[in-house]
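Below you'll find the structures, each written out as structure tokens.
In the two complexes below, subunit A is the common chain; its partner is subunit B in one and subunit C in the other.
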Partner chain A sequence: MNAAPLARRPLGCLKASLRQARQHRMFARCMATDADADADADADADPGLPTQQLPPPEHDFFRITDRKTKTLRTAFAVYPPTTIAGTPSIAAAPKNVLGSLHALQIAKMDPTGARTALFAKTRDAAKPGDVLMVTHRRGGEPFAGVVLSIRRRGIDTAVLLRNHLGKVGVEMWFKVYNKNVAGVEIVKRRAKRARRARLTYLRKPKHDMGSVEDLVHAWKKSRKVFSSGKGGAGAAGAKGKGGKAAVAGRKK
Partner chain B sequence: MIQLKTMLNCIDNSGAAIVECCMVVGQKRHASIGDRIVVVVQKQRGALAEGMAASSSANKVKRGDIRHAIVVRTRQKVQRRDGSVIKFDDNACVLINKAGDPIGSRINGVVGSELRKKRWSRILSMAPMQA
Partner chain C sequence: MAPRLPAGCWRQLPIRPAPSATTTTATTAATTAATTTPSHHARLFTTTPTAAVKYGWSTLPARARPHRFNQVTSGLPAPSTGPAAALKRKEHSTPVRAGVLATKKGMTVFMGRTGARIACTVLQLDRVQTVLNKTRRTHGYWAVQVGMGARQAGNVTAPLLGYYEAKGIAPKEVLAEFRVRDERGLLPVGVQLLPDWFHVGQRVDVRSNSRGQGFAGGMKRHGFSGQEASHGNSLNHRTIGSAGPSQGSGSRVLPGKKMPGRMGNERVTVQNLPVLLVDNELGIVVVKGCVAGPKGTVVKVQDAVKKDPPADEFIEKTKNMLKERFPEAEAHLQAARERHMELKEARRNRTIEDIMSQGVKVSEEHADAIEDIIAATAKEDAADRVRA
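For the complex of A and B:
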């Protein structure tokens, strides 16, 4: 480095030397970060690093030191597999993870348990061949129909209803735990238990039940008779029929 | 799944009884409820005795006419936003003109409520029920 450029550009030399110094410092820091994973105790021996008097935490930190305040700034922490969010978990993860998730969701969507009970595998539950009426929260006509099949899949449990609306067969799947399904009522039970789980033969013209409108009409009429004067509102009147038509999964 | 050659019932009083799909309007493979198609009238309503004068006076469309139509029922299942699914036992449509107004003045039979989402409120208001 001769004197002439130094005289003309005195800062040029300073810049180069500063760059070198910075590079050196960065290199030193990198080495320190690499090494301090195993040697946390001699961190205070290194003058480049801030001193940490606290005991080492449970988890491994990938450390970043703040350049201005010279304090430890952690980017992220790596926890051992038995801890959740910094606290050691007491219980191990459940065996049946999906099952417990479904149970959690069902408890949330059906706090009273009425919907679960209506489509459980019990004697009182709805079965294929029964006539159900599903009421929607979003207004519209309630859809009634004979149950062709019940699809039991945890929170995705659904029921397939078939009816005739103006000479045209209509089939609808309803999700049982859907909030839009305001109520499910049993209009008529099948006289004898169906010996099939899925009554797909009811689609054939020979076995087709046709419209269930008259059944629904009769049921509504009977509900009005049994309820006390005020007109059948809700399941109170339905219960009067000796438990034949019951369970409305209504909320609010 | 309405596509080329699908035969549909026409459920309005335009005079067509059975129509055949000859094109699906728009960039799609199959038409579903609420989609627009082009149809050929295959069978006229009340064309039993081949009394041409009597039938054609009431009917607005003739056999062989090419018209636009809106699908209102499909055999194929249609899933809704809330997870419920609807399926009809037949394929049916309602004839419209180029502007999108229904040719008939009445609809007999149920229509799918997907029409509301696709902005066919004229057809929905004419229908006796929707499912």
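For the complex of A and C:
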């Protein structure tokens, strides 16, 4: 060891040892506070815990057997999934959650059930090939047309109507449960049930129905005749109930 | 050999040789004088601070002096790299609360009262439980491990069975971790997180794996434009063409070159989706817009990183709800831990069979409580029958 520095710095060793001592003291202080803090936290964390040992919570055992000897190798406690943190809880989440959500929403958007009945898969409901008239809350003129297809998707159920406006074929989708669709009325039923779910062939010139204007006109006329006794409030079926053929999907 | 002292140092010394001596001889003379002549000892231990470090008293060159140069205590600012700095840096982009695991059930629409139609995704929470808290001290960061669903014990490996045993919870289908900002984000272990962990209108980030597309070409995978249909092109209509410049640029393919390969099935985060609906009975959270992946995919839902965290009152409320719903959580965890230690010891000593034959011991208080509950339910049933 080199003694020269010691001789030049006679207090060097003392200083070093003092520094060490200081550091050690700080370290010790840290440790002490830490241990105390932990003890406090423990005491705070479970004041309600009884001092005696708790009974083991309910569980089953899962046995792991040896493949060759078929004897028990080991076993583990397996807790039941119905109990969560010692409290009984709901079992598995419901399966058909999308269906339930649709039902909830439909009940909210269509409390009378008229729209649901109009597009249900029943005899009296609207079918592809029928002529419908939809009153939209925003676009002034009601849109009438023949039903090409009904897309049933719960709350998102929609219907595709086709008409000719000025010799141009026009198709429009309407969301059945949307608030913007103010009313849906059956103008004319198809004489014979279509044997297709989607009447895409109606777009071909050979099968195209053309404009349904005359059908709508005739229907309005007949409604005027029927409703004339009640004060003639029949124009476009704004308020009154339609005839038997016109199942009103109106809710307002 | 000891290094030379700067002149300014040794001149301070009380023991000084004759002023006529040169610098080199003076140093050696000073040491010998200090050690040999007893008459100078009294002056050696003087308290006048003429020979302290701050006056430049050092035997080493300044650069080699052992001082604690990289400590916060030496007056330096806290280091800008390292684990603590990394945590600090990521603090603002780490959510305050843990998130939940969910399953994508499908898409539908949300019809508004004024005719609005919003496309939305239904996420279902199936028995979501907290499994583990990760702490800065033990793991290096703050996080909450969350599990979802249920798995048959036979489909779980032995190490994981032991893990669940120690937690006192049933084996879960999926486990995932959610980083949280600090210890305030940690949750009691074993409690169930229900959809009302979120509130309607808040924004969430949703992470999931996208639908796998398999091996896809450059056109589909990276949107390359492909090659000509004609002008002499032969069988190379959808190939990617050149992979890079030739000899002048090194004749190599640069790293990261976009090429055909596996597409999809990678993690996709959709940020800032508003929550439209929360239903505890159905166990669903409905978020606006779409979420990556097919139906049935597992998604992670957590408070949006790029929005303010939920209000403090709401965070408090959700935490209190956990306490109200699962008051036994802590006691249950403690009991499960004790049971785990007991069983672990038994497994080690190969006496597990004895414990299994004993079954689960139920204390008298426990049994009394169960009997009380049974009696109460029987009474209720009887009352119902009378009413009917």
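Just so we're on the same page, the second predicted complex is superposed on the first by the 142 of 252 C-alpha atoms of A that agree within 3 Å, B and C clash if a C-alpha of one lies under 4 Å from a C-alpha of the other, contacts with A are read in each partner's own complex, and residues count from 1 in each chain.
FYI, contacts are C-beta pairs under 8 Å (C-beta built on N, C-alpha and C of every residue); 3 or more make two chains touch, one makes a residue touch a chain.
All values derive from a computational prediction rather than experimental measurement.
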Touched partner set for A:P94, first subunit B, second subunit C, both or neither: second
Which superposed partner A:L72 touches (first subunit B, second subunit C, both, neither): second
First (subunit B), second (subunit C), both or neither touched by A:E141: first
Touched partner set for A:Q105, first subunit B, second subunit C, both or neither: second
Which of subunit B and subunit C A:V168 touches, first, second, both or neither: first
First, second, both or neither for A:N180, with subunit B first and subunit C second: both
First, second, both or neither for A:A158, with subunit B first and subunit C second: first
Per-residue touch tally on subunit A - higher for subunit B or for subunit C: C
Contact residues of subunit A, present in both the subunit B and the subunit C interface: 156, 175, 178, 180
For the subunit C and subunit A complex, residues of the former touching the latter: 2, 5, 31, 34-35, 44-45, 57, 59, 105-106, 108-115, 117, 122, 124-127, 129, 150, 153-154, 158, 161-162, 164-165, 168-171, 188-192, 277, 279, 281-284, 286, 325-336, 338-340, 342-343, 347, 352-353, 356, 360-363, 366
Footprint of subunit B on subunit A - complex, ascending: 140-141, 143, 156, 158, 165-175, 178, 180, 203
Complex contact set, residues of subunit B against subunit A: 73, 77, 82-90, 92, 108-110, 113, 128-131
Residue ranges of subunit A touching subunit C (in the complex, touch as defined): 2, 4-5, 7-10, 45-46, 48-49, 53-59, 61-64, 72, 74-81, 84-87, 89-90, 92-94, 97-98, 100-102, 105, 109, 137-138, 153-156, 175, 177-180
